[in-house]
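Working notes, structure below.
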Amino acid sequence: MLRFDCDYTEGAHPKILEKLMATNYEQTVGYGEDDYCKKAAEIIKEKCSRDNLDVHFFVGGTQTNLTVISAALRPHQGAITAITGHINTHETGAIEATGHKVLTAPSTDGKITSHQIQAIYDNHYKDSSPEHTVQPKLVYISNPTEIGTIYSKTELTAISETCKKNNLLLYMDGARLGYGLCAEGNDLDLQSIAKLCDAFYIGGTKIGALFGEALVISNSTLKSDFRYFIKQKGGLLAKGRLLGIQFTTLFEDDLYYDMSNHANEMATLIKNAFIKKGYKFLSASNTNQQFPILPNEVIEKLKSNYIFSYWEKVDENHSAVRFCTSWATKKEAVLKLIASIENI
Amino acid sequence: MLRFDCDYTEGAHPKILEKLMATNYEQTVGYGEDDYCKKAAEIIKEKCSRDNLDVHFFVGGTQTNLTVISAALRPHQGAITAITGHINTHETGAIEATGHKVLTAPSTDGKITSHQIQAIYDNHYKDSSPEHTVQPKLVYISNPTEIGTIYSKTELTAISETCKKNNLLLYMDGARLGYGLCAEGNDLDLQSIAKLCDAFYIGGTKIGALFGEALVISNSTLKSDFRYFIKQKGGLLAKGRLLGIQFTTLFEDDLYYDMSNHANEMATLIKNAFIKKGYKFLSASNTNQQFPILPNEVIEKLKSNYIFSYWEKVDENHSAVRFCTSWATKKEAVLKLIASIENI
Amino acid sequence: MLRFDCDYTEGAHPKILEKLMATNYEQTVGYGEDDYCKKAAEIIKEKCSRDNLDVHFFVGGTQTNLTVISAALRPHQGAITAITGHINTHETGAIEATGHKVLTAPSTDGKITSHQIQAIYDNHYKDSSPEHTVQPKLVYISNPTEIGTIYSKTELTAISETCKKNNLLLYMDGARLGYGLCAEGNDLDLQSIAKLCDAFYIGGTKIGALFGEALVISNSTLKSDFRYFIKQKGGLLAKGRLLGIQFTTLFEDDLYYDMSNHANEMATLIKNAFIKKGYKFLSASNTNQQFPILPNEVIEKLKSNYIFSYWEKVDENHSAVRFCTSWATKKEAVLKLIASIENI
Amino acid sequence: MLRFDCDYTEGAHPKILEKLMATNYEQTVGYGEDDYCKKAAEIIKEKCSRDNLDVHFFVGGTQTNLTVISAALRPHQGAITAITGHINTHETGAIEATGHKVLTAPSTDGKITSHQIQAIYDNHYKDSSPEHTVQPKLVYISNPTEIGTIYSKTELTAISETCKKNNLLLYMDGARLGYGLCAEGNDLDLQSIAKLCDAFYIGGTKIGALFGEALVISNSTLKSDFRYFIKQKGGLLAKGRLLGIQFTTLFEDDLYYDMSNHANEMATLIKNAFIKKGYKFLSASNTNQQFPILPNEVIEKLKSNYIFSYWEKVDENHSAVRFCTSWATKKEAVLKLIASIENI
């Protein structure tokens, strides 16, 4: 069985393991105050071409999301997201568990628009007694989205301006950011994201690290006392240097982008094979996740040799499924899959 | 500078890194549902000589504590602890952040007694309207404690009986459990702990793992739906197998105990050196943490070559400090420290 | 200006004030443990024809909802409601502030169906790893709904059976329960509601009391330790007898139903006047709230003499508005309004 | 049996009931936006001799405390209080339920000192990594305290200055404020309190109202969006005017002070009777609560004719008890009690 079900089926890129081996006996202070974390933060700031950024490292994405959002909001405030947003669908109410409502906008492509954000804002304040409803305060977007689509620079700029105009914070979940930045058609980069967002994170877990997400904060209010929040929510890793070492490795020599490009190339091969057979897709993804809509009997057939994710029912006879690639996806595995698709 | 400030200054025992290397390209399902986690759970259950246990793996201790305690309590209930308990002192209000009061008992040796627990319980229910105060429901103990002392089997049995009698849950924080189980004078083992506690965790982060804590639950009510709580609090590691691989390595061939014994031996050497010089200690510790009470000028002098932790002021001229050892503590470093102590 | 904007524009029915005057100098124990509260609870149990009920009194509806729901749920569980449910729309995220997600089903008539509940339940458990999403555990319905519609006995029975089958709790918000029980076409009564629901509350604030809601709990698990939750959430009224006195007065001599009937009659007069003019309604309400859909210029005109609530935009030229009646609505005021409607 | 167990055993001062009767049929907008609330707020601001104050009305004290404190703190911050503070002892963990730790200082007279506050602050920041402990941010005091003592202007000024210096908020719980302001030896007034505190509340429930507390906020940060917090926590009374009417009545013609003076006078009579018999007191109270320390057999004897509160055990043969007076305490009842004391 070959696995295409997610982008964290293997361990880490070998360079990361090598670096962990090489540094294993060094003695460092704990909790992310070591030199490796400092160096990783410096590299990330350089890549973002900005000085006034704070960088913090987390082990996982849900932890990052709940820590940032609960730190950013006062008790009566909520987070706006596309209804498909990860915080609304697959984090077991982690945001609500910190006391905050998730305010949703309908979406078919995984994205939210600046107009939807403005409408939610206006709708709240149209009421002369808005205090009976949750005050919108932060906009959560994921890029790439949960279904592999990406925001254009124009779209992100419009969202950022809408947020600034209305005193909303903009936060980007970049669990798969590398795949987005390396996608065909993408015109965003770390510099523009750091400029347009109040905070965002660069995902490592799903792009070749053992684990780890690098949170970048540009908003000065959100920066204050931030390490308290990480500790309180259980996210302060004792051997914090493990995160610093990994992110240093990911961003030295552009390993992060190399791995992202590889995964995207593998995904494109798979995508083209499905296109060639005439199948449609749930979303227009150029990233490492592909969501072909297949007849149910084809799905059953492919399941005998491949593991992939069931996504959703489309009609009585068809369902959308997800194929995922990563740094570790081997070309021969992809070619085998393509052959199976061609033989359907 | 030689570090004795904590037991997580290095990476992991080399066997763990080797195992991570060896398994790096295997494809496994995520979130702790892989075979390595299953195997690690099986080994731990065997070591506890019990079948009806649930084992879950976490990345860190604060995360484990807040997840267990918030899962165990209804909103009006609180956790009893010695005032020195980690949840009361060094977790930034993580328990309170989940909505629960920490109820404290005075302590000079880091431990709580069964009589203190009974007194807190009785004091709550003596009131005809107890609903005006927080209902005690769970007892948190750490073993070894934050100041290196350990519970005897007699003490733990008395606490367990008091808990059962009063329908309280007993939870042991074993962040440094190995050091306790290998300490001179200890008469507890995993079997007795699994029998006497409703839940406890076996710490890996501070005993040779890169990170990781293995939570063992024997109470059936607490078992139900437990994975939801881990996910909601941000503790479900995507590449969960990293935890399974580490705990398998720790408990195969008793590596966990070997490392604990080594650390305790190194700590005993340090302890004896201070004793020889006539110094007293903050606590009677036979574990890897030693808390000598030193004249402030001696502390200043030692600081020029060693890093260790300031613990607390004892009087105008004396303070307690902490020296910590671990699997990675080298004997030559200890001997150098001993020489410095002798030369004071 | 005549007010029809809500059902709490006046004080209380004079019989309630008289009773407060008559008992003012009596000395009673506080916090709802007095004889008036006991008596009111007894009367309510009699009206429900059940012994095994617990009755608690609250000052307001949001307080009641948040206390019940947070008491009923464990941290990973959520409450199902029609998207129009009060807890989802007009309580400033009070449920989320206690840590729980509100799970919504689409609705155009203010109600949720047993099939929708079953679908939400099935959708959660269809996943082999349901722990990544919030576990549905409680169903919140309001009767009458926020837009004045009511559940039939058949509908409520189906919902109750679906809940029991799936181990879900059923909770009814009865902020305006009297208006529903007295509505034309209603076939529910307190007995059937107490039998079919795990908990429900009988609203006093909007039906002639100064303030007050009587929560009735039949589910034995939910009963335990309930006074703790009221106290912790700030809902335990010091002079608790004020609630006992009011509910005794409301249910002795059926004052509650008399007032409800009066309000419904007044609302029906208004409804018929709008029907006669050919207007449609947002909902099929036979209760004290009427939601005619009016041309915007008609709304403007009526606003010069009457205060009523803007509800929602229907199209460019039409909006739904709300007219509310209560025990205190005077027939001459209604006749004046009707004349104005006729003269549109 | 005559009740001296608390100051809310009767209803309300008759003037309040009269006012409720007189205004019963008036139609007003709900949720505290009516003219009575506005007027009451104006009167209170005048009494405080300050314009830039926000005034909000609550039904009860626990509700007020939890709403203010959770609004004032970010997630990692805690509230400092004397260990005897109401939020630490008798509110069922209401503050913790909103996510915040209560940080306590030892106290034998119910008060906290500016030095203790400074010490807690310094102790937190002495650590180079303070993020492992809860950040102190707000100081909670009650005046009079839970055991009837009062703060002097000198003490309150010192506390206020310490708070300002360290960027801490100062909040006073004035559940029994009137009794304090009218106590022999008091040198505080509403003007000085409004100047020295960031927020405080004027208690009505325990001083002659049916219910109600008037929260006064001078700190501009705390003012923002405050009505959201009241609503979210379930504290926004639908018929909000009930609070406005009561506080207008309390502060017109100084009824509030008249009632407080009466209660204090009655308490002084009781106090003197105990003094005359040679009994000591738990605290030096000149307010409406008196805490004589009595032989247990005397307590038993008095219990046959009077209801009063058991407070705490002092030694094997003695306990402290509480006698409370209020606006409604009749002189003949007090004289009867005094006679009983004299006959011990």
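Chains: A, B, C and D, in written order; residue numbering restarts at 1 for each.
One rule holds for everything that comes next: a residue touches a chain if its C-beta (ideal position, glycine included) is under 8 Å from a C-beta of that chain, and two chains touch if they have at least 3 such contacts.
Note that the coordinates shown come from a computational prediction; the quantities given were computed from them, not determined experimentally.
The set of chains in contact with subunit A as well as subunit D comprises B, C. Farthest from subunit B, judged by the mean position of CA atoms in each chain, is C. The rotation that brings the Cα trace of subunit C onto that of subunit D spans 180°, given to the nearest 5.
Averaged C-alpha coordinates give centres for subunit C and subunit D that are 34 Å from one another. For this pair, subunit B with subunit C, the centres built from the Cα atoms lie 50 Å apart. With centres taken as mean Cα positions, subunit C sits 42 Å from subunit A.
With touch defined as above, residues shared between interfaces to two or more other chains in subunit B number as follows: 75-76, 91-93, 97-99, 131-132, 228, 231-232, 236.
On subunit C, the positions that touch subunit D within their shared complex are 2-3, 5-6, 8-12, 14, 17, 20-21, 23-30, 59-67, 91-94, 97, 205-206, 210-211, 228, 231-239, 242, 328. Looking at the complex, you find that subunit C touches subunit B at residues 31, 33, 70-71, 74-76, 98-99, 129-132, 135, 225, 227-232, 236.
Those residues of subunit A lying in contact with subunit C across their complex are 75-76, 78, 89-93, 96-102, 131-134.
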